[in-house]
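Next, two complexes with chain A in common: one pairs it with chain B, the other with chain C.
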Partner chain A sequence: MSGRRTGQVLLMLAGLIAWAVQFTVIYGVTSTLCGRGWADATLFGFGIVPATIVSATLITFAATAVAVIWSIKSHRQNAKRPAATTDGFMSHVAILINGLSLVVILWHGISALILPACA
Partner chain B sequence: MNAPERPGSFGEQEPELPNPLPRPEGEFEALKKAWKAPRGISFITAVNNTYVGLWYVGTAFLFFILAGILALIMRAQLAAPEGDLVSHDLYNQLFTMHGTVMMFLFAVPAVEAASVYLLPNMQAARDLPFPRLSAYAFWAYFVGGLVFFGTIFFGLSPNGGWFMYPPLTGTKYSPAENADWWLLGIGFIEISAIAGAIEIIVGVMKTRAVGMSLDKLPVYSWAMLVFAVMIVIGFPAIILGTLLLEMERAFDWPFFIAERGGDPLLWQHLFWFFGHPEVYIIFLPATGMVSMIVPTMAQTSLVGYRLIVLALIATGFLSFGLWVHHMFATGLPKMSLSFFSAASTAVAVPSGIQVFAWIATIASGRMKLTTPSLFIIGFLFIFTLGGLTGVMVAMAPFDWQAHDSYFVVAHLHYVLIGGMVFPLFAAFYYWAPVASKHALSERLGRWVFGLMFLGMNVTFLPMHITGLIGMPRRVYTYPVEMGWDALNLVSTIGAFMIAAGVAVFLFDLARNFRFTLEDNAGNVWNASTLEWLPNGTYNTRSIPSVVSRDPLWDQSNLSKDVEDGRYYLPGTATGGREALVTSPFDARPQYILQVPGPGWQPVLAAVFTAAFFLLLTVKFVFTSVICGVLAVGCVIWWLWETDPGPVRPPADIGGGIVVPVYVTGPMNHSWWAMIVLMVVSGMVFTCLIFSYLFLWLVNPGAWPPQGVRIPDWIWPSLSALLYCASAVLIAVASRQLRGADRRNPRSVPILIGVALLLVSGAAAVDLWTQWGTNLSPSAHAYGAAVYAIVSLQIFFVLTTFIMGIYTIARWLAGRLDSVRRTTFDNTMLFWYYTVGQGLTALLVVHGFPRLTGGI
Partner chain C sequence: MQSALDPAGGDASRIYWLTMTMTVGGILIFLSVTSLLLYAIFAPPERRAWLGSRRTIIYGGLAFPIITLSALLPYGLIVMRDSDVPKAGALPIEVIGEQYWWRVRYPADGDRVAFSTANEIIVPVGRPIAVSVTAADVIHSFWIPNFGGKIDMIPGRINRLNFTAERPGIYRGVCAEFCGDQHARMAFDVIALEPAAFETWRTEQAKPAQDPEVPLLARGRELFRAGGCGSCHAVRGTEANGQFGPDLTHVGSRRTIGAGQFPNNIGTLAGWIANTQHIKPGVRMPSYGSLTGEDLRALAGYLESLR
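And now, the complex of A and B:
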């Protein structure tokens, strides 16, 4: 698989990978903190649990947004080359997957934030 | 056969035909001879995807019937209050076996089996890339599955429920061997499923019709690709879980025993990390089938192809974030519940996308109300209802009310029967003409559908109410005064209606299904995809070039031209079985794969593998070990005939395209398979590290427990050094084995030999180090977790050792040189993986307790 194709696959799955990272960080960190009784621990005055949720959500959301923009750019370029049907297909699916991932990341972030972590 | 009428056109240009007529004399005969299946008793050694696929589907359906009979016995028991048809102990075995057989021996194998048959045909490949692996997977499943099912006749069946929760299934509460049958039997059948998944991934990516680029890939192939990747990611969790529970039962290593630092919830995490994706593992192939059937029945192209691809991929990913919704009642923190509740509702979105795409396809065409159509409509109705109750139980407060009640039984049957069984019956009726002289009967098919659809709803709709008014699942009887009798009687009547539907289907099969390849009923539905091309044991006479997703509608005369041998590779270039390997994205021809033919090796290897696991269950350890050795011997015998090297110069496949008959490196199909195998191994190891960290989390201040000494740094450092040195030697050997001049340097086996000593030494040092600290694996979960990691690493080192010896043997036999080096490449990749895993294991086992400082 060439480097270009690897890049296309990664772009296609970028949003879902970002979601997996957000998921792992939020679930891993909160489980550890709750398991050790550190739910109320703070860092620079912020609760570690909500700070982790917010920062993981913002970072992965931003990364996915970049992937969406990149996918759109790539799709526009592919549209100018009628022979590149596979490329066009992959960039279009990348837009769809990354777009859906934006919603999923936000949906998860909010649901994790609105309840007390260890109650 | 006449060219099908085309309902629509993509307006793309048809390709020029690569091969002229008339074809050389004897070309077709040579092709047929190469692919001919053996006769007599040797017939069972056939490896053609068509034969293995059909046996596989037949066996899966047999298990469906057997598990269905168990369900009927249970329904008969529950038809009236205080029933005494079966004892409570037998009832426990019945519901455990019903769930286990349906999930592990019917649902996953059935969809995998269908793909063994359909995928090569749909992609116009001559066969799957590893036909002997398919045969091995089938025979292992066949033998293992039948023996496993046979335990019900001896009172030995597992009885702890299909998800086998400890502590109920630990030795304290289940001292007999019933649980071991589940753990060893099912654990090993999962290995067979993984073998199939590797085959499917490589098959979808590498063996397609020319020009079948990703945007023209049938949706079914997409679905099977996602399905196989999900198996690769999800199944290792249950394999590890069963290993840990079996080690606890056999050696008293307390992974799940709370008194000694273990935690039963660890099992639930491991089980459901596999178990929830399992639902989608079953469902996605079914949706792939639906996406193939709906356009044919509506005689129009599928609406929203790209959205469906999005839905398949997104479902595959998101389904791994839901497992905790099976654990809402275990007292987890509310945030976890909220988080997993959100994931559970999010996954409904891609499923919904697919449903709307099918409805849009039906609306944009003119749906013929055939038997497959009826089953699809039934699927949409039933699955949507199951999906709606799924959203209900995804809400934690509702789940607390419905948990472990008949409401959940109703929900899961709506999802599984609607989402998998109905599409499968649609597929039986739809694709039967591909494999049979006659299509199945439409008239009988309507009876089958009617009985099954009504029976399904009569059985399970009342169960929602039975559950909500308090009937718990898995009770073997109930008192009169509970008021559950009328609803249960209705459910029982419904169950027998489903059985009547299945009986009519069997009658239809017996009357109309006559297996044939060359003389099949043909494209009776005017379908658009390649499995409807004229075929034989070689699948298609020539490998077509396609220009759209509906080639039979858009390329006039395609069937005739393929049959005449006017497309690619119309004969055999090497005189043996071959498949054309294409590039994974654009499906351009890359090389000719020399496919191994029939042989006893996979059959015997499968039988001995099954015997190894099953004899271990009944504690015949010595005989079991002998069978294990024989299984390994058969695999080596099987592999010895593979990796043939470039037996002839590059061959012209038509249209001026000349491709090699042998390649090595990342283009090679077995390189891909090895990478997938490494992902599987990596997932097993990741799940083990998760288990280690989970046990740390539930043991504050006791990691390691008091009195346990962590070994000095010097020993793990030495072990790491040995691992790295062995990898360096393999890299040097690889470098020496380069060049196009078929060099065979003497230093290669020496380097491999020394590397073998080093890698074995590395594992031995770590084991000796732990042993030297008097760390006991049975005193506390810490020791159990450490020894589990060490044991897994030893297993990988042992495998590497066998592979290394085998590679040296190939060099000694003159079967390995700088060109013919696929065997070396495979060993090298696995070696690097083993070293990487070993280093990570050292870091975790020796570094983590120091890092956390015992907190």
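And now, the complex of A and C:
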């Protein structure tokens, strides 16, 4: 697979990778703190669990938003080229996957924030 | 009759409105989609063309579901978060599911002594209730639809359910997990009383049974003793101390017998004693059909007098 194609695949999967990172960070930190009885621990006055959820959500959301913007740019460039069918398809799918990943990351962050961490 | 559509507590009310929102919303969406489907089939091609446009698919197929689900998700999660929350000062009650009845225990609370009853849970209005449930034989499920969700009763495990009755009344609870032949006949009453009335009830329930003064009832008590009823049933204040069946110390004060099967009176008590296996086949209590009519009246009268 050429370097350009690898980049396209990575861009296509960027949102899903960001979601996986958010999922792993939130559940890893939350279950570790709950397991050790530190669910209410604070750092600089902020609860570690909610701070982790909010920061993981914001960072992965921002990263996915960047991926969406790149996907749109890439799609516009591909649209100008007459015979780039595969490239056009991949950039189109990248927009959809990354766009939906934005929604999923937000839903996941909201759920983790609303529900009790150690229930 | 139990009904989740007549909420009498905060949790049940939240679940009710979530259900209503989703049901009404689901119906409206279903009708809209069906109408569009019919329109797509029967409308002239030039009029239905917009249905296949990119904009329709993006707004109707992507944006609308995302917005709708984005609103429903936090709503549902907040309902879940705010339901079944343990509260300080809650009244502890223990309920044990058994084939096919409910053992109900009120643990000692301050200077109030512990006691047991059956098939009836009395609660004070406005005070949080913390119910601990388990099962003695098979898996049951404890559900009072008017007060909230259900919870499994699993042998060897204690689960907890919290609710608060917001208005006085008589509500019905049921077993919500198939537990055997008579599963459908395993109900109980939840009676929500004003706090003062609840305290009076609790004080009365903690007292031992009164000795009968009428000769017929004294004969009933003697039949109860001689018949070995006390090896399965307890009547506090007498030598009957069985733990296998329901505590009968104040059985006469209960609304129903047979776990919600009949109103509690001398006639139904007599019928129950004489023919349990006809009324509720499979219950652990055998039928005492060999009792004479007079003995049956005396025995049922004695039980009915235990108030």
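By definition in this document, the second predicted complex is superposed on the first by the 118 of 119 C-alpha atoms of A that agree within 3 Å, B and C clash if a C-alpha of one lies under 4 Å from a C-alpha of the other, contacts with A are read in each partner's own complex, and residues count from 1 in each chain.
Simple rule for what comes next: a residue touches a chain if its C-beta (ideal position, glycine included) is under 8 Å from a C-beta of that chain, and two chains touch if they have at least 3 such contacts.
Please read all numbers here as calculations on a predicted model, not as lab measurements.
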Which of chain B and chain C A:13 touches, first, second, both or neither: first
Touched partner set for A:77, first chain B, second chain C, both or neither: neither
Chain B versus chain C, judged by how many residues of chain A each one touches: B
First, second, both or neither for A:114, with chain B first and chain C second: both
First (chain B), second (chain C), both or neither touched by A:23: first
First, second, both or neither for A:42, with chain B first and chain C second: neither
Footprint overlap on chain A, comparing chain B with chain C: 103, 107, 110-111, 114-116
Chain B residues within the chain A interface of the complex: 213-215, 306-307, 309-310, 313-314, 317-318, 320-321, 333-339, 341-343, 345-346, 349-350, 584-586, 666, 697-698, 700, 855
Chain C partner contacts - residues on chain A that touch it in the complex: 103, 106-107, 110-111, 114-116
Residue ranges of chain C touching chain A (in the complex, touch as defined): 66, 69-70, 73-74, 77-78, 80-81
Residues of chain A defined as touching chain B within the complex: 1, 5, 12-13, 16, 19-20, 23, 26-27, 30-32, 34-37, 49, 85-86, 88-90, 92-93, 96-97, 100-101, 103-104, 107-108, 110-112, 114-119
